[in-house]
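Look at the two complexes coming up: subunit A is in both, with subunit B in one and subunit C in the other.
Now for the complex of A and B:
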């Protein structure tokens, strides 16, 4: 506690610190909210300048951007069905329907408050248990456990957003199939890099990098949404969503208290594991809310609990992701890798010794993340009252902007045109898929988890001498796989029995 | 993050021009540009993501070449496919010397194994190599079954006869080739587990999921300095001073020429000769700047001679191709 207060004092001790804190907060939220750019873009732009900054300031700036950037992506997910980042994709499922039905203010308000609550809770957990948790997570979670967790995530999230279970699974399988394009994770063999169709011979290195999920997400959500809205406008059936500014009430938050708690724990847990992080956290948080909620019939149609579940979980993952970084020097994602870079630029190496050698700095980081999450509430309240007005713009003005931003975003990912083509093709495909009840979120989930899962699976098989039953020799992986199989069986039985109940969310 | 170059180009250009102007005014021994070349920024393609080893090297070298030769660079990351996704764009660029490609020895092994068609020593012209380093075998510092290479080999023979090593996956890569050479020379078997992300590789060793790790010392310096892991074998002909107490593979009884990890800069074949020799000299001058030397020291890239000029680079690449081809 004393260290936390010292950290806080260092944070707000001088005007420079406060300015940097506020800039990081607003910058992260802004970059997170604009589709096509994200907090990584901002981080890369700022990284060279951190050399001349005080180490405390530099680390604080990036911790704050990390917190507010994850939250910022929710705004466009809710308003335009365009997730600012992959971890905001499940937020679209209920957030966008809420906008369509004129409750955009409530959806954004819920996203703001829950992002903040998830983040604060995670920051507190992080402060109380860093070293021990990190050591445990790295020891307990080998490739086998990571694969089992991904398998579990796939099974329980499969049916989200589709009109029925079968279409949900087909969507996920499509995503898994797309994930196989590119270089295989074991031997580095290029798949689909070369093929011959009748007399047409095709060979390219471009696909050796695989289909990246960022252009896929932009295509599946942003481009296809523009096409859907354009169809509606030309058919004369589009209604402009009402720009309501109503904030959710306390009673509404009380109603979802268990979802909040559950998503915080899921997010924290997923965040600790290197390479899993916020995206799986958000999908798991959402699917578990769907499973346990009393209002599950409303999921996918604009249920506030869905927004709460995914936004709490992805922000809870931020604090947790700092744990392996600080305690072991293992970054879980791109932004935490940049923070590692800042420590190194200033001659410090994260690892067990950092608590002893640079304890002050660690506590500045903790304090910065804590207060950033608290400040998100204020920032979010202001944003709710302002950003919703964008909805008043006619869609024929918004659409070109969305298309331009999406194109820039796809190209900027790797400076390769292939990603722009992937985005447009994905947009047209998604337009057709959505019209027939398949799930855009399912395909994206399959793509993201397919890549992670294949890599974890192949490592596991190598470690277990290609004996697949080895998964059951380890308690954590056995438990996760058995849970997954039971959940799968239950969902199939439920689907076969109760099609009439129609408790599946409708298409996104 | 790749936006960095584009968004900040104007700023960087202004800053660098001021720098360049200032040092020119002081009459530094700055290289003379060939007539009509280098008046606009050059593009430096990095085939790996921002923040990684190649990216950091490219940005450091770009800054050093600005300092030494007054050249301005726009660094562009085109990651993917183990460094192959960037190659088509490089090959499509005009052979005018304005497009420079950073690449590592993976391009050489990829050519040797047939995954790419371009021979880095023939289809590209190396300007220089700026980082050359060696590999080591690491174990956990608190490993209680063995604490050095000798004990490991004894444990391996007495125990089950197999051990696991976290390594990269790519068939025919430097990493797997070196291990194959070691295993066949010593008659031992170490099962190679393919990890595509470096952090996962390190976590697997630290977390106790594998017995050994194959890596270069600069990449795991934070873990060795923190005392979490330690090297037990060095792949070099002689022990470097920093690792004076770690045996080499030769001492362990395996006599082969060890492959190295090397990172350098290339232009396409067909670039006019005077431009190539200017860029090559600029690369050398950049390498010798204080700031770049400091950069390489921080990265542990000063332990062996880390520089080769064009001729030296071609020899290095051809030797590596011979080794890879002999193993295939």
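Now for the complex of A and C:
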């Protein structure tokens, strides 16, 4: 506690620190909200300037950007069905229907408070047990556990947003197939870069490099949504959502207390694992809320619990992602890798000794993340009272802006027009898939986890000498695989029972 | 008895998925070379996914076939009138244009440059979405253009395409220089 107070005092002790803190907070939220230019863009732009900054300020700036950046993407996900980052994709599933039904204020309010709560809880856990947790995570989590967790995540999230289980699985498989385009994770061999169809031969360097998930996400959510709404306008059936500023009540938060707790634990657990982090956390949080909720029939139609689950989980992952970085020097993602870079620029090496050699710096980081998550409530409250007014504008005015924003976001990624083509083609495909009851979120989940899953699977197979039962030789991977199989069986049985229940009245 | 006249859509969906899986699998021949340290090779994972797609599509087909309605509804004169109304009309042309416009924009952007094609695209999209007020058309286009210049070109330094036609290339680069003035 004393160290935390010392860190807090250092954080708010001088005007420069406070200015950097506020700039990081607002900048992260802003960049997180704009599709294509996420918190990584901001991090990349700012990284060179950290050389001339004090190490404490630099690390604090990036920690704050990390927390507010993950939260920022929720706003556009809720208001326009455009997730600012992959970890906000599940938020669209219920956040946007809430906006359509005139409850945007409640959705944003829930996202704000739950992001803050998840983040604060994760920061407290991070402060209390970084060393022990990091040591355990590295010993206990090998490729087998990572693959099992991804498998479990795919199984429990497969039917999310689809009209039935099979369409959910087909959506996930489509995403997994798209993820195989590009180099394979073991031999670096280019896949699907060359095509031969009916004696026609085609070679593409773009496909050899792989399809990036950002244009796909923009296409699947932003473009397809604009096409759906534009179609509704042309049919004369679109209703403008009401711009409500109502914040969720305490009773509503009390109703979702178990979802909050569950998503915090899921987020924290997933966040520790390198490379998985906030995205799987958000999908897992959402799918588990769907599984255990008493209001599961309302999911996908504007259930506040859906927003709470995904936003709590993705922010809970931020604190956890710092654990392997600080305690072992293992960055879990791109932004934590940048933080590692800052440490190295200033002549420090994260690892067990950092708590002894640079304890002050570590506690400034902890305090910054804690207070950044607290400040998200204030920032979010201001956003709830201001950003929601955008909904008062007719969609006809917003649609071209959304399309241009998405175009720039896709193009700015690698300065390639083909990324923009991919985005628009994905948008049209997503329009057709959504109209047929398939899940856009399922495709994106498969796409994001596909490469990670394949990499973990290939390493596992090499380690286990190609014995598939090796997954059952390790307790955590065995538990996860068994849970996944049980979840799969339960979902099939549930689907069949649902059918029988649905068919009964028509048969009589 | 279920009415098989409803089976067309599920079968078509199944065929699409099978075609996707089949084409993807047929292309794995381009990268099925042996990897020394990995027995499954680069094509093992995509092949497994193709099998998954076939299984999923078949499961979906069986699921949908077992849930087909038991009789085909008799066509009523009212329905015929309704379907006549749904035939190609202004609304249908508008929808086709909305879907096509982004691709025309993408084709023209590398030729004209983004600073020329963006306002044209915004104007065209607004008109397609039934915006007719000149004030709105100019206002919305101007705001989006201003954001493009001030936020993305000046602050984020996004290097948007500048076109291939001489005159337009010079116009595009002049705008970039202008928007970054003073930096």
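The rule we apply is simple: the second predicted complex is superposed on the first by the 498 of 508 C-alpha atoms of A that agree within 3 Å, B and C clash if a C-alpha of one lies under 4 Å from a C-alpha of the other, contacts with A are read in each partner's own complex, and residues count from 1 in each chain.
Simple rule for what comes next: contacts are C-beta pairs under 8 Å (C-beta built on N, C-alpha and C of every residue); 3 or more make two chains touch, one makes a residue touch a chain.
Keep in mind that what you see is a predicted model, and the values were worked out from it rather than measured.
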>> Once chain A of both complexes is superposed, is A:329 in touch with subunit B (first), subunit C (second), both, or neither?
In response: first
>> On the A-aligned overlay, A:344 touches which partner chain: subunit B = first, subunit C = second, or both, or neither?
In response: first
> Which of the two partners, first being subunit B and second being subunit C, lies in contact with A:494: first, second, both, or neither?
Replying inline: neither
>> Just to be sure I read the superposition right, which of the two partners does A:416 touch: subunit B = first, subunit C = second, or both, or neither?
In response: first
>> Just checking: does A:182 make contact with subunit B only, subunit C only, both, or neither of them? Give me first, second, both or neither.
In response: first
>> If we overlay the two complexes on their shared chain A, which of subunit B and subunit C does A:143 touch? Say first, second, both or neither.
In response: first
> Of the partners subunit B and subunit C, which touch A:205 in the superposed model: first, second, both, neither?
Replying inline: first
>> So in the superposed three-chain picture, is A:173 touching just subunit B, just subunit C, both, or none of them (first/second/both/neither)?
In response: second
> After superposition on the shared chain, which partner residues are touched by A:102: those of subunit B (first), subunit C (second), both, or neither?
Replying inline: neither
> Which subunit A residues come up in both lists, the one for subunit B and the one for subunit C?
Replying inline: 37, 41, 45, 186-187, 189-190, 412, 415, 458, 462
> Can you name the residues of subunit A that touch subunit B in the complex?
Replying inline: 37, 40-41, 43-45, 47-48, 138-143, 182-183, 185-190, 204-210, 212, 274-275, 324, 328-332, 334, 337-338, 341, 344, 349-353, 412-416, 455, 458-459, 462-463, 465
> Within the complex, which stretch of subunit C touches subunit A?
Replying inline: 13, 17, 20, 23-24, 26-28, 30-31, 33, 35, 37-43, 45-46, 49-50, 52-53, 56-57, 59-60, 63, 67, 91, 94-95, 98-99, 102-103, 106, 109-110, 118, 121-122, 125-126, 128-131, 136, 140-141, 143-144, 147-148, 152, 156, 158-161
> subunit A touches which residues of subunit B in the complex?
Replying inline: 1-4, 7-8, 49-51, 76-82, 84-85, 87-89, 115-116, 164, 168-171, 173, 191-197, 199-200, 202-204, 206-210, 221-223, 225-228
> Contact residues on subunit A for subunit C in the complex?
Replying inline: 37, 41, 45, 164, 166-167, 169-170, 173-174, 176-177, 180, 184, 186-187, 189-197, 223, 227, 230-231, 233-235, 395-397, 399-401, 403-404, 408, 411-412, 415, 417, 420-421, 424, 427-428, 436, 454, 457-458, 461-462, 466, 499, 503
